[in-house]
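Chain naming follows the written order as A, B, C, D and E, and within any one chain the residues start at number 1.
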Amino acid sequence: EDMVALLLPENVNPRWEQQDAAAFVATMARIAPEIKVEVFNANNDTSVQQRQAEQALTQGAKVLIVIPIDGESSAIIADTAAEEGVPTIAYDRMINSLNTTFWVQADLEGMGYDQAMHIINNTRDGDTFVMLKGSPTDPNAAVIHNGQLRALTPLYESGARVMGYENWTEGWDPTIARRSMDQALTLLDNGVQGVVSSNDGNAGAAIAAMEEQGMAGTVPVSGLDCTIQAQQLMLLGLQTQCGWRPLEDMAAAAAQVSVRLVNGEDFSDLAPQTVENGVGATVAYVPVGSYSAVGVDGVAYVIANDASITKEMVCQGEAAETTFCQ
Amino acid sequence: MSFENKTVGHTAPPPHLRVSGIHKRFGGVNALRGVDFEVARGEVMALVGDNGAGKSTLMKVLAGAHAANEGQFFIDEAPVNVTTPNDANGLGIQIVYQDLALCENLDVAANLSLGSEPVKSGWGFLPRLLRPLDDLEMEVKAKNAIDRLQVKTLQSVRAKVGGLSGGQRQAIAIARAVGADCSVVMLDEPTAALGVAQTRQVLDVVKRLRDTGHAVIYISHNMRDIFEVADRICVLRHGGNVATWRTEDTTPDEIVVAMTRGLDAGANNVV
Amino acid sequence: MSFENKTVGHTAPPPHLRVSGIHKRFGGVNALRGVDFEVARGEVMALVGDNGAGKSTLMKVLAGAHAANEGQFFIDEAPVNVTTPNDANGLGIQIVYQDLALCENLDVAANLSLGSEPVKSGWGFLPRLLRPLDDLEMEVKAKNAIDRLQVKTLQSVRAKVGGLSGGQRQAIAIARAVGADCSVVMLDEPTAALGVAQTRQVLDVVKRLRDTGHAVIYISHNMRDIFEVADRICVLRHGGNVATWRTEDTTPDEIVVAMTRGLDAGANNVV
Amino acid sequence: MSSDLKLTFIDRLRIMRETRFGAFVPVLLALAAIWTYFGIAVPIWNYWGDSDAENIRFIFLSSRNIYNLFMQSAVIATLAVGITVVLLLGDIDLSAAATAGVCAALLGVLVLAGVPAWMACLIVMGVGTVMGAAQGVLVAYVGIPSFVVTLAGLLGFQGLMQKILPTGNLNVGDPFIRGFARVLLPDTAGWALATACVLAFAVLNLRKQGQRRQKGLELESSVAVWGQVAFFGVLMFATVATLNSYRSVPLLVVLLMAITALVGWVTTSTPYGRSIFAVGGNQESARRVGMNVKRIRVSAFAIVGLMAAIGGIFGASRFGSVSYTAFAGGSLLLESIGAAVIGGTSLFGGRGSVWNAILGALVIGSLGNGLDLSGASSADKLMFSGAILLLAVAIDAVSRSGST
Amino acid sequence: MSSDLKLTFIDRLRIMRETRFGAFVPVLLALAAIWTYFGIAVPIWNYWGDSDAENIRFIFLSSRNIYNLFMQSAVIATLAVGITVVLLLGDIDLSAAATAGVCAALLGVLVLAGVPAWMACLIVMGVGTVMGAAQGVLVAYVGIPSFVVTLAGLLGFQGLMQKILPTGNLNVGDPFIRGFARVLLPDTAGWALATACVLAFAVLNLRKQGQRRQKGLELESSVAVWGQVAFFGVLMFATVATLNSYRSVPLLVVLLMAITALVGWVTTSTPYGRSIFAVGGNQESARRVGMNVKRIRVSAFAIVGLMAAIGGIFGASRFGSVSYTAFAGGSLLLESIGAAVIGGTSLFGGRGSVWNAILGALVIGSLGNGLDLSGASSADKLMFSGAILLLAVAIDAVSRSGST
């Protein structure tokens, strides 16, 4: 009985278990029902992820599909797997190892750029921004931030927009984001016209802080992941944007490659592109697009395209009263 | 070996508290091996024995602080069950432990009322544990109790017990036990750390307790004190009974011999 | 008030350990207010006083366990500095604390050697603290010391101190102090919890220490013991000196009066 | 004989500690130091360092920021009050933040399912109490060290929270629940409340002093009595004035103070509270005087569970949402325990007070607040908050040192 | 008089605890229970539940998994050994994992900068020691509770680690450093080592017994002596046999055992170790017999710093990288303290052993390892590991309960 293992990075962000893993398992069940899938979750601890990789290999996994916590510390996973002759697929984040076989990714940098552009497009010259960045210890947070800066730096330098306040959010903790937003509003005396938030959790915290000042709904707020919570806030007009990835496409690509690898077949037709990773290895690569969901239309698009989200899930609580749901 | 015939017979008053066949083991140590013991109301029973004979262990068993591995308890010859200090409290047993059992982080007044704190009246709708403490009453009680024992160096009843001298602490422990409403008072070496005057007071208190119909158990290594207050003397050795004497029928020397060498070497004029 | 003229004059042997003007405050409590004290080699100096008079505090100051707020120390009339127990150890001062200061989690043998553990020879290249313990030697030492004090109920020197009776613990504390190499031995109510035979042994030990030229300070509330072993008796009251008597010049009653009421009411036959 | 030698400063501090209000002094000093630093030193430093600045802005000490500070510290404070109770026993609770998370998650789910908000609050308070008590039973009756029980609780409740919130987060829009953090007392009500509290405090203190005189007990110096009243009065009125000058007193702060006052009263002025201190000071003594140590322990864990549930409700109210990271996964746990310990509560039991926990929470809150205002990098902030934490507690340590 | 009443099972357990090897019994029982569950119960359960399964697969007890388990527990064990030393004093160290992180990060940066690997190792061991000792100075000389000092250390060192590793992670490819986790002893060397250890153990024990007889001291029953030797021998040979049957004994395990043996020997058999126990049992007594309590405390913190540095090196070697999450941000801290406590070391000082910490680390490691094999959801795993943790420690608790 063949088996492949999917290693998720953490369980705080619901997307991994709810969407990526679910879609991967579903695709595998469809295209290769005889292959078993084991799913592990590392709770954001690289040593746990390494342990789980070892356990998967002990159980006889034929392919590892790894969503690394970061690109460096996951290298040993690919290396250990290679010692056993097992190929490793990097999912969403690159693994900086010579033994990475395949990479499927959504463009995080581009999504950061989209967030910033959304805020820029909804503000005027001279407006002041607050930037709620991600966790300083999460490499992805830096990638997103770089994308944001690609859009924002020229405007900051020209004075078209003003950087009022920025702060990292340790561990993506919304409590900290909330405090940052409070402090930003205090410092700027509510003179904030746009909030470039790196994910939906930070966006929610920022909105709660602005509600207290009666500003919620008047200021554009970006986000990422399009969680149900964020979509509800978008329906209520409080959050204005969220970045969405077609996770099912990513999972399907990974699943198809996995099946080929298990069967020892060539998969080059599935991965026409290659990229060079951090240690100079050439890795087969499939990029997956992303979508910047804005307003109610954005919510409708996400619901239509994301099989893991239904209208009933979004239309709960206060959001149920909105015209979209009625 | 059977000692029943050597303990006090019919002429003795009926025992108020009686235990028999008490065994107590700590891991591999047999601290008590089938001890019988009794005390009547209006009598002071002294309990003596060498260091490590098991006196304090017996007291703790009687007070419910240790649960006996075996043995029966009787109050006025009715069998009772004592496994927790609460049980003993409920049966009217009060005790001064050799190691005093005070809370160093609390003040003198709080220690004196520990476990039976006075509460303000008029809060009957609350469970007793949640009614407001009457701390003034506590201080008054403490002050009186300390004065009675003549501990003059204690400046304030609001001083933390952690900073008190050995004798001051012992006085507090004694005051706590004799201040409570009870029928049996057990004192485990109560005067060990006390000064001359304070010892005098404690002996007087013991006599007063006897005269008011309490059953008093008094442990001490001081033969003079014992022969002054005790009506009967029970000797323990290596966790077992040696014998019980009436005070007037024996001498300090005889007791000391019985304590250290047992009966074989001792005299035989046992009650 | 000046008591110098009331302490022992030229006829006394030269003091080995002398302190003067010792003040010790705990927060708002003045436990010692300018106490002078001295003891010579080959003499037993008794220190008496009511509960809370400051005896134990003075001992702790002498042993470095408390740092005095003010006061001078002299060894053989040379000024020395004592602020930590280590200092006192270095000057050859050993002490039995009233609260014993044992480690309940260690066994009897370990407690007896605490602070001066024997190490195996042949590991000289290591710092002393890291050489292997000679635990057999420790056990042998402990066994001998305990046997000497006649604590017969102690079954094993490998028993944890936490499970011992009050008297057994006190015996261990005494054995630890008198077993060490020193010139001054201070005993704070050493026989309070001891049985008759063990008390006898301790008094003998005290005399032996005197005869071997040690300076001994002996605190007790037991007048009989004090008059048996002491050469001089120093009375403290409310943290100050009352006076010092030669034992042969005074009586227990006089001392008791001085302890409880001070000099005004006491007799005047002071040295 | 000169028995009244000059007292050193540390002596004075130490004597002061012994008084009822004195225990506040070290943590108040720490708080004052932090506020001075962020409120005065940093702005002045920035002003001189920055040639463009037109005027000094004392943002940290602005009434708006003080308002923020109170709100930001409220959840930590709620948990710290509960944790103080178990610390007084000599136990620890590592699961408090996770319990708060489970309760908040449950609250969100219940409200979404249509349960009336007030009833949902009562239910989660019940659930929190049971969760705490269950751990207490394991500690008291099975005898497992509380560190391990609550570590297991931490793991288990994290898992439970994930079960309850499969999506990891949830919006809480219910107006009743949001109201805790949103409703503000009218200005006059704030003043009235403060006046009533100060009056009650004064009357109680003076009456007690009178009774002491009557019964011939030692009196507190009237300087001390009036000093306490004055201090308390100034504190109350200053707080209300500051909060009113921004918006007004938030309901959350009033509730927190009321709950703390209740817990404070229970722990210091009832036989139950006395027994908590007794168990913390010497468990064996407490047992021997007939206290039911096991039941006391269970009840203390029940209290911390209840406080965690309340913290969860407050958190849901303030954040407008429930998320795994804000409770179970974040720094809330260490911050709440830290708040209790900074307040001077001993980890070994028998010493501490819930009011100090509130002050400790303010210390922790001020650190985060001030550092966020200063705009340092996250690494610098971490290092800096470590250093300030040390300084804050060093004051307490020095005022107690050498007392053995 | 029947002084030899029948002993209950719990009595026996309690008597056994008193012996030198007896302290291992509860945690060994816990370990046995967990291994039986994951190794035998779960596979059988799965086999009967799954009609497709052709044969039972005892994966958990396979030699390969045991090898994994040792490697996976090594870092936790290293830290737990250090933490045990401060726990013995009655202190706690919350910064150990962060210290390990800083040391690992520094190691990575140094090696990257071209410092020879062995020298980099020595440097970070020195740095770790200094970091620990500095905290010890604050605890001992300033008198700040260790909980607060090390909480501040945790914050500060997290910040420091972020400073050293601005990107949060770093590959460590140096063969010398990777070697700790990669080098395997030749099979015969493993056997030889085991034989030597067992022989030395037997000789030392028998010689001591002989000396006891000579000096007239109470003897241990020869059943106990031979039992210990046999037990130790079986354990050693079984371990070597298992590891050899997969690959062979890894250097990391040998090093860990050697370090633990050294620390164990220092804590139990030297005057220094004795003074650690004395301070933990009764600090005031230790001070009064002339021990330099402050210096002992500082040195204990230095030891935990050193062990943390070694843990950092081991971690860098095993993970092949240094990342913030694996050390400072992850669960390493609670797991290491948990390992020490599960081993039976008291948080109140004076009771415990470093060997038990190793066993505790194996308990924690087995939990994660076994649950990963079982394929439960992450929420279930969390809840389950909480429950098993409780069960594991309950054995220890019951065997000690009622002894007061």
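Note that a contact is a pair of C-beta atoms (placed from the backbone, for glycine too) under 8 Å apart; a residue touches a chain by one contact, two chains touch by 3 or more.
Which chain is which protein? Per UniProt: B, C = Sugar ABC transporter ATP-binding protein; D, E = Xylose transport system permease protein XylH.
Just so it is clear, the structure is predicted and the values come from calculations on it, not from any experiment.
Least step count on the touch graph, subunit A to subunit B: 2.
Among the other chains, A has the CA centre that is most remote from the centre of subunit C. Rounded to whole angstrom, the centroid-to-centroid distance between subunit B and subunit D, based on C-alpha atoms, equals 44 Å.
Subunit D and subunit E have Cα centroids separated by 35 Å. With touch defined as above, residues shared between interfaces to two or more other chains in subunit C number as follows: 26-27.
For subunit A, residues that reach two or more other chains under the stated contact definition are 11, 136, 171. Each of residues 18, 162, 284, 378-379, 381 in subunit E touches at least two other chains. Those residues of subunit E whose C-beta lies close enough to touch subunit D in the complex are 92, 94, 138, 142-145, 147-149, 151-160, 162-163, 284, 334, 337-338, 341-342, 346-348, 378-387, 389-390, 393-394, 396-398, 400-401, 404. Only residues 26-27, 29, 49-53, 56-57, 98-99, 151-155, 159, 163-168, 171, 189, 192-199, 221-223, 238, 256, 259-260 of subunit B touch subunit C when the two sit together in their complex. Every residue of subunit A that touches subunit D in the complex is listed here, in rising order: 11-14, 18, 136, 165-168, 170-176, 178-180, 182-183, 186-187, 201, 204-205, 207-208, 211-212, 227-229, 232-233, 316-319.
Within the complex formed with subunit A, the subunit D residues making contact are 59, 62, 64-65, 68, 71-72, 75, 111-112, 162, 166-171, 173-174, 181-182, 315, 318-321, 323-326, 329-332, 368-369, 372-373, 375, 377-379. If you check the complex, the residues on subunit C that touch subunit E are 63, 65, 84-86, 88-89, 95, 97, 101-106, 110, 114-117, 119, 128-133, 135-136, 139-140, 143, 156, 158, 160, 176.
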